[in-house]
Amino acid sequence: SNFRWAMSDLINAFEASHPHQLRQVNASSGILFNQITFGAPFDVMLSANSRYPQQLEQLNLAVPESRFTYAEGKLVLAFSDTMQAIPCSFSNDNHLPTVILSCFTAALTNVRQQRSKLAVANPDIAPYGIAAQQALQHLGLWDVTRQHLVRGSNVGQAYQFVATGNTAAGFVALSQMSALQNQASDSLAYWRVPENWYQPIRQQAILLQSGKKNLAALSFLVFLKTGEAKDIIERHGYTTR
Amino acid sequence: MSLLVSLELQRKAFHISVQTALDSNGVTAIYGHSGAGKTTFLRWLAGLEKNTVGNLVFNNEVWQDENTFLPTQQRQIAYVFQDARLFPHLSVLGNLQYAYQRRFNDNGPLLEHVCEWLDMSHLLENNVTTLSGGEQQRVAIARALLSSPRLILMDEPLESLDQQSKEHILQHLEKLHQQLSAPILYVSHNLEEVNRLADHLLVLQQGKVIAQGSMLELSSRTDLSLSHEDNAASIIVATVDRHDEHYQLSELVVDDDLRVFLTAIDHDINTAVRLRIPARDVSITLEQPKNSSILNILPCVIDEIEIQKSGATHARVLVRLHFANQYLLARLTRKSVDRLKLHSGQKVFAQIKTVALLNEHRY
Amino acid sequence: MSLLVSLELQRKAFHISVQTALDSNGVTAIYGHSGAGKTTFLRWLAGLEKNTVGNLVFNNEVWQDENTFLPTQQRQIAYVFQDARLFPHLSVLGNLQYAYQRRFNDNGPLLEHVCEWLDMSHLLENNVTTLSGGEQQRVAIARALLSSPRLILMDEPLESLDQQSKEHILQHLEKLHQQLSAPILYVSHNLEEVNRLADHLLVLQQGKVIAQGSMLELSSRTDLSLSHEDNAASIIVATVDRHDEHYQLSELVVDDDLRVFLTAIDHDINTAVRLRIPARDVSITLEQPKNSSILNILPCVIDEIEIQKSGATHARVLVRLHFANQYLLARLTRKSVDRLKLHSGQKVFAQIKTVALLNEHRY
Amino acid sequence: MSPHDLDAILLTLKLAAVTTAILLLLGSPLAWWLANTRCRIKPALEAVVALPLVLPPTVIGFYLLLAFAPSSALGQFWLATTGDSLAFSFSALVIGSVLYSLPFVVQPLQASFEQLPKSLLEAAATMGASLKDQFFSIIMPLSKRSFITAASLGFAHTVGEFGVVLMIGGNIPGETQVLSIALYDKVENLQYTEAHWLAGGLVVFSLLLLATIYRFNRPAAIGSIKGVSH
Amino acid sequence: MSPHDLDAILLTLKLAAVTTAILLLLGSPLAWWLANTRCRIKPALEAVVALPLVLPPTVIGFYLLLAFAPSSALGQFWLATTGDSLAFSFSALVIGSVLYSLPFVVQPLQASFEQLPKSLLEAAATMGASLKDQFFSIIMPLSKRSFITAASLGFAHTVGEFGVVLMIGGNIPGETQVLSIALYDKVENLQYTEAHWLAGGLVVFSLLLLATIYRFNRPAAIGSIKGVSH
């Protein structure tokens, strides 16, 4: 469900150039997966990871070979207004990895000292949660932050916790930050997490069995791979490869 | 009607066992002390008591036996409960209409008539929850009568009414009863009411029938506790002979030659009526009294003198008098019995205060 | 007690307006036809009627005025409701204990005693929902008495009881009443009960007080509807003179020289008692009867002859007799009045059947 | 408010109305039977009725998902009878909501029925009222307050339903996207302003509706009887 | 079953018990007042009480999240008093559950109180029973069935709560990870077997518990009075 904003723009662009109408159904990837296994009338699934599409393939619910990575998600650490002081600042382009590392460490320590919490998506189920865990492990802070973690059922919830000020900081998706900027509401301060701290979040799309003969579904998947689509996706804070 | 009854019912320590056949079309009173089982018996007749062993056959229609149990709503009866049980969500009129709309046939009285004679026309729009006790009771009676039942069960329906309303309702009940021709089973512990209204009597004591028969017969028996009640009375049959317009009296003949007077009744000449003569209103003189305000003085023969045993009533004696074929009960002090040296077979005069005579409905 | 009452209360078409002062320590009967406002009045006294304008002062304690409204639970009263209102989740014993545990003082009777004289010891374990009508009523009375109240309000408490239980309870109520020394306001439309029990009387008609005063005084007035009731009676005061063990009779003296007999009472010699003499039990002779079973024959003077107007009772006439300082009412047929040529001032003999005399509690 | 939101609102109202109607039809006789039976299996049945209360909606939703799947018996039966697949259809939502809200209708009704004076039913029976007649002429009006409670609990619980619908609905706009899901979606979408408006509108509407219901729903006055007696 | 699952079960039971206790304490007087008042604001207040019924739990959860934030009045007050932040604490869950389940306790009680024969309370008052005394000696035992209904609806609704807890809980094992969330996680995580076991256990446990409650809860017999009268 981190892809919803990009998806809206993609559908608009798609419908402008194609004679098809699409319906977008948002939910966390896990829910969507479950629903598909129990016969949901969906044609295409855009998951936030590669695990669910793979399983769908194995279960013979999806068209083999139709699976591909449409975007790679980026993790950020967002701060709420209640974060009392962000101890340092940097820009991803011009600072040394060690500086970045110490900034993150200082910020997360600060969260602990404020007796506040750190929001993440549930690492057990949500791709961004797994990434957050990997980042924390990379920092060597996983064990100490564990009892300060608040786990949203998906990355959307993690974002809510931060945005409402209930946690001082949280690991969320870059796409959410750009969505918020589009809405021109108060934006949160955030740092991008260096990409080598976590496994790439490969978001994969797959054609489902029921979409096999749906021309709209097929052409949308084709559309997703076009440059036009990739531009849109990248604008929303993903990379495409 | 014929009602064949065989009932065994156990409720904790209380047991009812009744085997009887009631075969009158009139009013059968069920009399008994508090806790004798009157209500329970009536409820069973209505089909409201579960877990009973018994047979109940009404006019050849089986209401209950080993295999059958006709539910209450199919018995086509009416029941005036000891508590009024008005429907609180309906107005007085609503309560009446409830019964009227579901009436079992069209022989019954009209809604307006019932309202009129139960004096409740001014209450029709009222909320039943604001009615006085007596008003509630009247509405309950009206409601029961409006369903034109085949059998009417009434459980102390007149208790919370004043004498005047009671009188009024009893009169109409008698009339209505003839019109509906539905037999009435009437529970009461008011002996006067019972005497007045009932043709037949069933006396219950601790769940057993201890006496049963026609009112006439039972009321002159001195061996029943009935005759020892404060309100004990004898009942005699007389024929209307003459109406005295001027004094508003009627003159009746008992056994061809004896005459009694009572407050004008509107029965035709030559109809037979029942007269109720409370034992305590009868006094005895040895000579024919003269210049007495008592109009009714009957020559009688003393039949039986029953010295009562119980302490409190030891001062009094019940004397059964006998004239022609009928019996009179008189309650006298023992002192008078001794003073007048009363004994069986003696010829005496019974003085009965005219005003103490009550007229009775058809016999 | 003194109870100062001023009440205005409007319920739809019904209006109560009562201004009165009740200042007796005895039993005050509230008498009136169905719908007269008796229950409403009693409820207001108990603090159960809201939206009323009035003042109520009990023994100098303000229960209600413009600024005050003492809630029911602080008035320390007992109320026997027209319906029993037993608590269905408690056994009979539970209901009694409910009141007993909350009693207002320790002057009241013990639980065992009350159970005994209300004949309910065998019912204590029972579920109140299975009690018979009369049993429920007895439990309700017991419950009210057990709270040792300062004022007892009773709304037709004896209606569903048979004569015998009624008698029994009345006797104990009289005794208890003396012990508790709580005044009783007693609603009833049974004139006999009222006569028997009450020292004072308040007659309500359509929400207004139409008569009020001592029982003695009111009962001999022929201008009140009271004396035209079927059960009308006069009340006379007499002094116990002698007890006749043998015949179980007591001999009393009225106004120094007249003697009356009645069933043995256990009052001491020389105590004054009240005697109730139902008008319909009094007959008149011009000569002193001889050899009559009637023991009580009093020489009197005719005071007033009241020809009644209403149709149904046109046959009867109410005659007020006068002997020394006291009055007797007699109901005779108009025919007898004419036949005997009765007129005011005439000397006659009043015959009263001994057994019709009722003894009264302390006067 | 977008047309999607309007769709969601209408769909929700329709779902709640249909569900409530079905619940009242099924629930009243069930509650009546439960209130009166002395049958042995009564406690067991009561427990089964109460089950949806205790189970997290997601659990119920998950098992419903299993049951509705085209491969399941029910799913196949439905497909054979109606020609449509049950899963992710409006009918599926109705079935789910009925199951989920059943105790909210049955329990208040049963409690009310058990408090109902049986004596009045006896009286009605003596006047010839059949059981059905008694139900409509006595029980219903005397339990009016509880019927309204039951209906509004059932309705409201369906409107507010989230977990079950999340699982079995599929969030398909105009078909299974109900208000609660749409709102959740807005929040997840970070459209807080829209969410506030939608939620605020819902609050105001509900308050007005409820206040009106309660305003006109004075209870039947069993309690305030002066003297039921004589 | 993992130790986490056990934690979740215990936490859920604790939450439900605490919530039910608070609800009964708050809800009984409120219901009594609502059943008896003739105050003008009654319908409005009834509507407010009923509001949690109509609002999707996620909406309630979202607004609670706003209210609990350290920047909000409530959040600051809590932080100042307890030194801890309110959000994601057990207390927050209790507050949320109490609000969310309030109508489930208040409505059945109110319905029952309104059906209660006032005449019995009048009788109790004449025997000197104060209002409080009347409540415990008459109202409570006569409304036993409805208290049990209210308590079990409240308890169960809390056990089954999902949306609100999802929003305000933060899924902290041992503190805010309740059963419904744990189950949801399992399903999302495709741990179906574990989910089946947990859900199955929950079903069996609930059935047994409920059946036992209902077994021992025969209603007070107001209704079956033979003749309340005379």
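Letters A, B, C, D and E name the chains as they come in the text, with residue numbers starting at 1 for each one.
The rule is simple: contacts are C-beta pairs under 8 Å (C-beta built on N, C-alpha and C of every residue); 3 or more make two chains touch, one makes a residue touch a chain.
Quantities reported herein were computed from a predicted structural model and do not represent experimental measurements.
Of all chains in the assembly, those touching chain A and also chain D are E. Counted by C-beta pairs in contact, the busier of A-E and B-D is B-D. Among the remaining chains, the Cα-based centre furthest from that of chain E is the centre of B. For this pair, chain B with chain E, the centres built from the Cα atoms lie 59 Å apart. As a whole-number value, the distance joining the C-alpha centres of chain B and chain D reads 56 Å. Averaged Cα coordinates give chain A a centre that lies 92 Å from the centre of chain C.
In chain C, the positions touching at least two other chains are 39, 81-84, 130, 132-134, 155-156, 159-160. Multi-chain contact residues, meaning those touching two or more other chains, occur in chain E at positions 62, 119, 184, 187, 222, 224-230. In chain A, the residues that touch at least two other chains are 31, 34, 157, 160. Across the complex, chain D meets chain B through its residues 119-120, 122-131, 133, 137-138, 141-142, 144, 220-222, 224-230. Chain C makes touch with chain B in their complex at residues 11-13, 33-35, 38-40, 82-83, 122, 126, 130, 132-135, 138, 155-156, 159-165, 167, 189-191, 229-231, 244, 247-249, 261, 263-264, 280-281, 283-287, 289-295, 312-316, 330-338, 340, 342, 351, 353-356. Remark: chain D residues 62, 65-66, 68-71, 75, 85, 87-88, 166-167, 170-173, 185, 187-193 touch chain A in the complex. Partner chain E is touched in their complex by these residues of chain C: 46-48, 71-74, 76-79, 81-89, 98-99, 102-104, 127, 129-134, 136-137, 143-144, 147, 159-160. By the touch criterion stated above, chain D contacts chain E in their complex at residues 35, 42-44, 46-48, 50-59, 62-63, 103-104, 107-108, 110-112, 114-119, 143, 145-146, 149, 152-153, 156-157, 159-163, 179-181, 183-184, 187, 195, 199, 202-203, 206-212, 214-215, 219, 222-230.
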